[in-house]
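Order of writing sets the chain letters: A, B, C and D. Residues in each chain are counted from 1.
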């Protein structure tokens, strides 16, 4: 893999290829992050409720 | 063994257990008066008796046959009066009653109209009737077509004293003919020798 | 198994989730790494499309997942309606957004792949159109599921919709294919995509495995979040104690 | 009076006595079609080219308008409970209501379609196929629509939600409805498309009431 630039160019289709992989990664990470945030928020609220009872 | 029975019934309404372990028994000519605060499940129990949904636990039987096993026969033997008055504004009082009677294969519409004093209002469209009058039209269909079991959810609301008397007579006639009735009521409608069923007794079991 | 007391101790499920979670995460990450390496570095470009074919390693697995998740949604809905088990309701509610995300990804990467291949961002190709309809089925499910105050009502209504939708998916697919052949100008490059060269097969399967493991991973997180939300609702109801009759 | 006919008669009478259902559906149908020449331009052969599709899409949207109130008014005034408690299967009750809905909306759409065909400059010899396709397609729309109408009972913003739920399921009817008209326009035989439309109508007749009854029952629980 001598010329790194050639690799990124992807034979002229670089924009499309990297955009596809980039957006896929971004959306999958977003869905995962939203799910984890929701879990943490609910479990914290549950813990508070249990502590109060 | 009574005619219409319920065994350790549990009802869940909107993710909340309303009552648990509830039992009831009703014989021909009998009357069951549901009592309890708002939210104690009176409406829910009447709907379960009608078969509008299944109890979370327990069974309701008619002659030892679970009512869920054959809904259509159970529907054919009951009249249900809920909160809504089921009167269509565009149809006259007579047409409203005639429709519900046709659903049960015909009946005495004129007799029902007179039983609830609706003679003069027969041709009046629903949109001109008052709440009390619409309630009487809704109740009149009970008298039009015979049914063994009446399930009435606060039938006396919005009724004037004269109409309450007519309702009481209709219920008495129904029971005299061997029919049974289960109803919830906030006073104003005294039913002779009705068996009270206080739902709050079964609320603690639910907590 | 009643909805209420199940929330009291969903211990069995939580134990299972804790056991499976690390495996799902591990498989997802390693399979993705291997798939990306093979897909981006070690496999040859396509003789016709050149490097742009590499988009296939994300597009095709995403499209597979879109259909897989809808099938999982329909199965969970059927179990929820028939056996009335609350876990099935939660699984269905948790699956829908993930499935919708994969469907959206399939459409997006399909469009990004279509631009170099056909010169336009969107082609009314039979498969892309069917995936677009599938996205609307997902959105319909999610909207109906959340349109009720009582979550149990939303779950039941959307379960019926999922089953009705599932029965209609093949019919819609058939009608879109017919419509496509009806209006298909013969000259356009056959949209079947490149013949799969066996060296391309490995990255494709690895990415598909990575997506499935990712699905299990996120699904477990979302179900645990739903369980916590259920417990909060149950506790709040008990505390208030005077809900509507 | 047989109970099934009693429901059909009452609902048809309600639809015409309140006068809104049919008139509103037809008015929307006409307006929706009239918008296209205003948007696309009056160029006759362009309009002729897209005529079949425009009339079908407008008919599909129009038949969906009155769907929302198929069960809604009965649900609100407590009548739906009594219908569910009628001594007959709920599927038959749903079928009766769908038949009444079709008589009040689907049928008038099919009858009015040729007039709109003229607006879109479609050749008159296509009209019989257009009406036949609509007569075969609109029952399926009512049957599938009834499932959606049952599902949105008690939901917030039911109207918009109904469109999102049922429109994807209407696509097969649209595709084969339009293909029948276009085949006829090209002088080919529309038999294949009409047969498929008929098959879909029979399938919807078998599955629709059953699924809609399930939707209504879970709404009444």
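Heads up, the rule we're going with is that a residue touches a chain if its C-beta (ideal position, glycine included) is under 8 Å from a C-beta of that chain, and two chains touch if they have at least 3 such contacts.
Only a predicted model underlies this, so the values are computations on that prediction, with no experimental measurement involved.
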| task | Could you let me know which interface, B-C or C-D, is made of more C-beta pairs in contact? | result | C-D
| query | Based on the averaged CA atom positions, which chain is farthest from chain A? | reply | B
| message | How many angstrom lie between the centres of chain C and chain D, each centre taken as the mean Cα position? | response | 31
| query | How many angstrom between the C-alpha centroids of chain C and chain B? | reply | 47
| task | Using mean C-alpha positions as chain centres, tell me how far chain A is from chain C in Å, no decimals. | result | 16
| query | How many angstrom lie between the CA centroids of chain B and chain D, rounded to a whole number? | reply | 37
| task | Specify, in ascending order, the residues of chain C that touch 2 or more different other chains. | result | 153
| task | Identify every two-chain combination in which the chains touch. | result | A-C, B-C, B-D, C-D
| note | Given the complex, residues on chain B that touch chain C span 10, 12-18, 38-44, 56-57, 207
| note | Given the complex, residues on chain D that touch chain C span 147, 151-152, 154-158, 161, 164-165, 167-169, 171-172, 175-176, 179, 182, 200, 207, 211, 214-215, 218-219, 221
| query | How about chain A: which of its residues touch chain C in the complex? | reply | 1, 10-14, 16-17, 19-21, 23-24, 27-28, 31-32, 35-36, 38-39, 42-43, 45-46, 49-50, 53
| note | Within the complex, chain B is touched by chain D residues 1, 3, 6-7, 10, 13-14, 17-18, 73, 76-79, 81-89, 220-221
| request: Report the residues of chain C in contact with chain B in the complex, numbered from low to high. | output: 2-4, 150-153, 230, 233-234, 237-238, 241-245
